[in-house]
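Shown below is the structure under consideration.
Labels for the chains are A, B, C and D, by order of writing; each one numbers its residues from 1.
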């Protein structure tokens, strides 16, 4: 997947490359790519053919809701292994209307500006520039109405 | 079905030992346990070595060094619960009548700094989602929402465990700390400060399991025991391992998503429920507990998951002082991982070593008077949770 | 004591699969075995995952992907014999009555090139003593001295196994080779040429074990089976793991020294002796064998260690053609590791998959007619040797 | 251990550093440092306090015989992991009069020039030059009377 940068905090220059194919759309606004189980109706992310809850195969590919509410959050202050981007960055779990909780980066790095139940919207953010000069991007959630 | 006793325990201190190999540490722990059990070569018929990062044939290297090979030797990995898994396998084989006596040991020499877990995929790492302490922080944050836990409660767990650790000669950190200092230590991931997180380190622990029917020299049929004054045996009431059920986004299997459903039982609860049933006891029967305090919030969550208090009551149990030495259900008299550090393969067995001393009544300054029923709990990557019940 | 049956087997081909993760491969093998056994979720009560290089919680990743977690899941490592060790543990737990049905699987994605074993210490590597194939060559050299084996015999083992492998769809190499080409392949360590050495690679294999007493849907008590036409079960006669005894300088534990004493039994001999006793058979009862052909000389040595021929008679057995398909005791009808390559954690279970098909009579072109008793043998780092006996 | 180079095939310049302390003496001729068990009388190498054959502790440190006979041999043609020296090099097992077989490098790289029972003598050989310019040395065996 190579698409134009859509992150609200990044300049829209250069080619953006996703950290992994198939995680999210390159639409505006972007959407996470999940699956819905045909047997039990529950959702999961990232996509897999098999439902992790009931083991049924043939889960349907779906685009997940672009907005949800904050369920848990923190801030990462030290770069973890294998990460080449900036610190600090926000980190949390957002609950989507599908009844799905997703682990995600957060654009807000100050935990005191976040609270349980706050509305969040999915965005795409850059994490680093690769050897070819492309911006490597991943998914994150941003507060929809920052306080 | 045969009952299983612990005939001997041994430990190599937990800490950092630049001049000692993983094999050196394993030999120290194994020799200690064999000596207590009065065993020489031929005295055990199988060996299980718990290790997460030790590499191929870690158990063989230890036993080769002391010339005690020939039997089956299996390296066992179940994350932080590796030692609990090894104990379950060893006890199971004795109960089945396959062996009289089994050696179970754990060794680890953790890399320094934040562990690069082979658990995360490259895209997760690249996205910054491979941040292990951040997952602990997300869990802590939920505990604060759900159980009324505050940062002061988190600090008080550290203060308690570090106070206990002062008297544990095998602990890495043996100085008291106060809550102010804990909260003044570097913020790693809100709400977790550096001193609220345990340190991955090095060490080894060993346990000799034997069928309860066998004499003091359980391995004597194979010419494997020597005489002498042996410490009292401790009964292994249960050794249970369980993995996670799908659905919880914050369980230690670190899924990228989960259900908005609080009813999925945690792996620690699955293991504890099975262990209580197997041992024929309930949480109200426990005199002393060693539990997984990877971080301070993890200990409080374990109170709820193990049934030491009802769901949502961890903060209250903490405030009551019940889990400090002198309280009604002391937790982590060893000082916990917050004092000892965590050598993955050795840590669960290190808990067992501590609790065996408690049940023998020779735990010294940190003795829980009259302790008769003890529980050891570990949980981590996998997810894996192990619960061990010991009685005398 | 309960007998143990194999109710289903599954395999992911052995080879190189750049676009498949170790988890993907494990899922393929596990699904295959569960489908044969007619099991759905809840149908097995424990899982053992054999892997040497898979990393923390390899088994959990596979079972998480298909939503089948909650039970104990233990990663098991015993070098090349990891799969044999896992099988021993699973079978032991069923015999003990702990479980009705156990899933045993192995996964591996070996690094390319010469493996940097965590087995050697830095000074050994720096001295050039960490050269794994050189140890194989030293052993081959001794076999040439002691058993009259020549380089032609070594080449003939490769020719035989590669001929067998042509008809194995799960093998990495599926073309015949002739002796001239084998001897013309690059000399790695005299007397071993490149084509005489197996290739570390990737793959997965899975086996469902169930108590012989249980019905076709062994896990049905837990709601875990579905109906349908199931393949015939195969009886697990023995699954034995043994480690080396001290003394032999060329055993797979790779000591830096040993005794000038030929009387120390090899770990493979220890395991075979115990397995024959456990299964109540002798080597003369075997119809078909899969053995460890890490290198061509290793297969010939295994003939002697497993009792397929007397000590010193490997060359004669080879010349007789006895171990080729059509001979009196075919060895490695799958093509062996020389055709399949060796994904450490999966290789021992891959042998079992092959032999289960042989005993069911559905091995196709390479079927050994009327095969009723089969043996699988692995030996490697540790040292660890496993011997599995299967019967119908 | 830092000693003057004693390898017959190396120039005696610079400081030589052993790959590991306690493997061999820096005498001329050099000797391997092993142990003899006080309980069973058998030898092992490298040194350890515990006898690997009978488990007795308190094995006595001894210098092993400097000569023995060749028991098995090959030639390493590809540098193994962690090895920074030249290839090819000889590799084998030498049997010492103590009844001990020792895994060792061989100075002879042509396997056709070696045979079972051939007399061999222990030597010290360089494997590489370290960052400080010191020659890193290890033990090897050389044919005593090359054919």
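Here is the rule we use: contacts are C-beta pairs under 8 Å (C-beta built on N, C-alpha and C of every residue); 3 or more make two chains touch, one makes a residue touch a chain.
What you see is a predicted model, and the numbers here were worked out from it, not measured in a lab.
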Interface with more contacting C-beta pairs, comparing A-B to A-C: A-B
Distance-maximising chain from chain C - centres being C-alpha averages: A
Gap in Å, rounded to a whole number, between the CA centres of chain D and chain C: 35
Separation of chain A from chain C, taking each centre as the mean of its C-alpha atoms, in whole Å: 43
Centre distance in Å when chain B and chain C are each reduced to the mean of their C-alpha atoms: 33
Sequence positions of chain D contacting 2 or more other chains: 52-53
Multi-chain contact residues (two or more partners), chain B: 64, 67, 117, 246, 255
Touching residues on chain D, where the partner in the complex is chain C: 19-20, 23, 34, 42-46, 52-53, 71-85, 89, 91-93, 95, 99-105, 111, 116, 127-128, 136, 138-139
Touching residues (chain side chain D, partner chain B) in the complex: 48, 50-55
Of chain B, residues touching chain A in the complex: 114-117, 120, 122-123, 125-132, 134, 137-139, 141-142, 145, 187-192, 246-247, 249-250, 254-261
Touching residues (chain side chain C, partner chain B) in the complex: 1, 21, 52, 54-57, 60, 63-64, 67, 69-79, 85, 88-89, 92-93, 95-98, 117-119, 121, 240-246, 253, 255, 270, 381-384
Residue ranges of chain C in contact with chain A within the complex: 27, 40-41, 64-68
